[in-house]
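Per-chain residue numbering starts at 1, and chain names A, B and C are given in the order in which the chains are listed.
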Amino acid sequence: MTADGLFFYFVAFMTMGGIYAILCLALNMQWGFGGLFNAGIAGFYAVGAYTGAILTSARSASHVGGFDLPIVVGLIVAGILSGLVGWAIARICVRLKADYLAMASIGIAEIIRLIVVNEEWLTNGSLGIAGIPRPLEKLFNGREAELVFVVFVWILVAVTYLVAQRLRVSPWGRVMRAIRDNDVAAASIGKDIQRFQTETFIVGAVFMGIAGALSAHYFKFFSPDATEPLLVTFLTWVMLIAGGSGNNRGAIAGALIIWAIWSLTEMLTNQLPTEWATRSAYIRMLLIGLFLQFVLQRFRSGLVPEKPPELRPR
Amino acid sequence: MMEFINFYLIPGITLGSIYALGAVGVSMIFGILRFAHFAHGDLMTTGAYIALMLVWVLGVSPLVAMPIAMAGTAIVALLLDRLFYRPLRELPTIYTVIASFGVALILRSLIQVLWGTEAHVYSPGFQKPLIFFDSLRIASRHIQIISTTLAIAVALHFFLKHSRLGRSMRAVSDDPELARIAGIRTERVIAFTWITGACLAAMAGIFVGLDTDVHTNLGWNMLLPMFAAALLGGIGKPMGAIAGGLIIGIAEELVSYPVLGVSLLSPSYKSAVAFIIMLVLLIFRPQGLFKGRLLQ
Amino acid sequence: MNTPVLVIENLTAGYGTTAIVHDVNVTLQEREIAVIVGPNGAGKSTLLKAVFGLNNCFSGDILYRGSSILKTGTANLVPMGISAVPQSGNVFPSLSVTENLEIGTYARAPKNKAHTMARILSLFPDLKDKLKQDAGELSGGQRQMLAIARALMSEPQLLLLDEPTAGLSPAFLEIIFDLILEIRSTGLSILMVEQNARQALRIADTGYVLVNGENAYTGSGTELLANDEVRRSFLGGQARLKSKQSDSDSP
């Protein structure tokens, strides 16, 4: 590969890495600060992606719209719709043990997938939506456009980071991080905590929607395949746990490192003969699954640890 | 009327039986180990594939392979607990939920590596349904599935009510600390919970394979209805989970039955039924239909 | 003197890394009743839980008939003849009364289960006609009785009781204290924590006043009842007892 090729491989890497960083920061708001387990990230991501795609693409016969609206409008509405879904589910579940929310969030993702696949008038079903624009597309083309897009993504990463940082240093954030590690105490503090948890869940959902919309713009084409729970939900969780839940810088670092491992191993296995290449895709997932277990057991506080005092059991 | 029974009710009871078998494990694990086991569907898949391998290698029928597949799945479950869940036992249980989410992926990708991703059937060919009273048509596999589930339900009832281990399980589910104080060996109870849950999951997985086909997402796709069934029946109430599974299975088939020419939901939205039932429960009756508990 | 049934020796224990009780000493002789009293939050339950291996011990020792049980593990204590009734949540609510009692025999089976069951039910006649009911449907007093009955089903030699009279009416209170004396007369040694300090110290062979996690006063039950300071600080404001005791105790 030439130096030029390498550079643009890096740009592509940073673009997806940035989108994952937003997802990871958003998940950190929900889990790291709110202690809420969201197993349906792919659902929020899909809501955002389809909203952005439908609102900003040019008129099409195969699905509703497109409405040819500015990308910023698309991003905002994507965030709002995704946030609304988050609001509904949080309202129902925050008063219950985190496991109940986990179950319900799996359901949300499933329902959204069903709608996306079945309502062809809305989303063009499994064929997907094509012709989704990128920002400033008319002014730049080719490789310059790639550079513009990566800058755009990282501006949004910065925005997400600032919001997440505000949540973290708020007095609420501090209490919540203490509570995440001790469910029982949370129950006794009650209603106010539930309000904060609902808020973190909604804000997290908003940014997951925005990340979805961003990826739709990046791919220029979006179909249900791109909402594969494994690639969205699972990878984001691994990123956050590895990076250090509760810590925003850790979340970004985790996203980039895991995405690097994921992309590099893909590059390696693509060199293999075809039959082995497909099989090795599963081996990579297997390894990521094992890696998560390793981090959970040995390295729970992540790259940027917030170390609690050691227990001294009898 | 016969069309309703033959094409909606009986498939509904069959599907419900499968959910029921899976939901028993989900409910027991939630009750005793206090976490939502996200890898339970993939335990079903594991059982189905172990049976598939036996069918291929030994040429036996899947029903003959079932006991071995159940034993194999139980061993897998015990190993998973030892390797991935037990090390997290002292932490808030949500960490175990995350771990089980990862275990779901591990099991599935392991199966994909070992067996590939195509769908398989246990025995090719069309089975003629049995016909009763001229118009009641039941496929023999449906009879097998429904009657086995019924037998399991009865056995489970007596086991939980009258055996020492069954009562200990209910006690740990009620209050794990008090159970330890009363001298119950909770680790033994936990091991037995895994064995029961895994055996029933394997059974359910094999039944899915008998009814349709064996594929790597078989169990994961059933996770949502199984969670809904366990919630419906009340957490920690295995008998409730059986009822919940049947209700959800039947409801999923019936929503697409046309009444006066219109059906409630298009068949492609069948799996939304479980989610809607789950949401309604979480809003109005999170402790379930029966005298279940709400875990804190 | 014989080896005491239970010795708590300079024990420091608590939850996580926080010590709640410090350097506490308690000795319980064969067939005696030792009572621990003290204000709310003094660490009484913490001390009892430490004996039962339910929290962390940082230093000191706990000896049962001369050998340390610090590392024994909760589930192994019942087979050794130690039974405990915790302060709250002490029955299995979804199990029937009979099943609760049965559970009591699993870790240490009495020689003749039917005989033991009959003997214990004769101590708690209220439970007799509730045998099929779920324990969750019992009244507070009945639950307390069931909890003690369950602990006795394993024919223990040492019984640990955490506030067996909590929330009970004065009439019930008498019944429970009488029961405790009766249980002791069958050969058990009893260590109990009580809020109704005055009555508890009356039946106590030894009493311990625990304040802020430390031994404040130790003596025989009668000594403590007679001690002015103890009376002023710990036996004074017990509204529940005032009506019954005010004539004899007021100066």
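Note that a contact is a pair of C-beta atoms (placed from the backbone, for glycine too) under 8 Å apart; a residue touches a chain by one contact, two chains touch by 3 or more.
Just so we're clear, the structure is a prediction, and the values are computed from it rather than from any experiment.
J.: Expressed in steps between touching chains, what is the minimal separation of chain A and chain B?
T.: Step count on the best path from chain A to chain B: 1.
J.: With centres defined from CA atoms, tell me which chain sits nearest the overall protein centre.
T.: That would be chain B.
J.: Taking each chain's centre as the mean of its CA atoms, which one is farthest from the centre of chain B?
T.: Farthest from chain B by mean C-alpha position: C.
J.: If you average the CA atoms of chain A and of chain B, how far apart do the two points sit, in angstrom?
T.: The separation of the two C-alpha centroids amounts to 30 Å.
J.: Taking each chain's centre as the mean of its CA atoms, how far is chain B from chain C in angstrom?
T.: Taking the average C-alpha coordinate of chain B and of chain C, the gap between them is 44 Å.
J.: Averaging only over C-alpha atoms, locate the centres of chain A and chain C and give their separation in whole Å.
T.: Each chain's C-alpha centroid was found; their separation is 54 Å.
J.: Touching residues of chain B toward chain C in the complex: what are they?
T.: Checking each residue of chain B against chain C gives 164, 167-168, 170-171, 173-175, 177-186, 236, 291, 293.
J.: Show me the residue ranges of chain C that touch chain B in the complex, using the header's touch definition.
T.: Going through chain C, the ones touching chain B are 52, 54, 74-79, 84, 86, 89-95, 99, 102-104, 106-108, 150, 154.
J.: What residues of chain A sit close enough to touch chain B in their complex?
T.: 35, 37, 39, 92-93, 96-100, 102-104, 106-108, 110-111, 114, 117-118, 180-184, 187, 230, 234, 237-238, 241, 279, 282-283, 285-286, 288-290, 292-293, 296-297, 300
J.: Which residues, counting only chain B, touch chain A once they are in their complex?
T.: Checking each residue of chain B against chain A gives 30, 35-36, 38, 83-84, 87-88, 92-95, 97-99, 101-103, 105-106, 108-110, 112-113, 116, 223-224, 227-228, 231, 266, 268-269, 271-272, 274-275, 278-279, 282-283, 286, 294-296.
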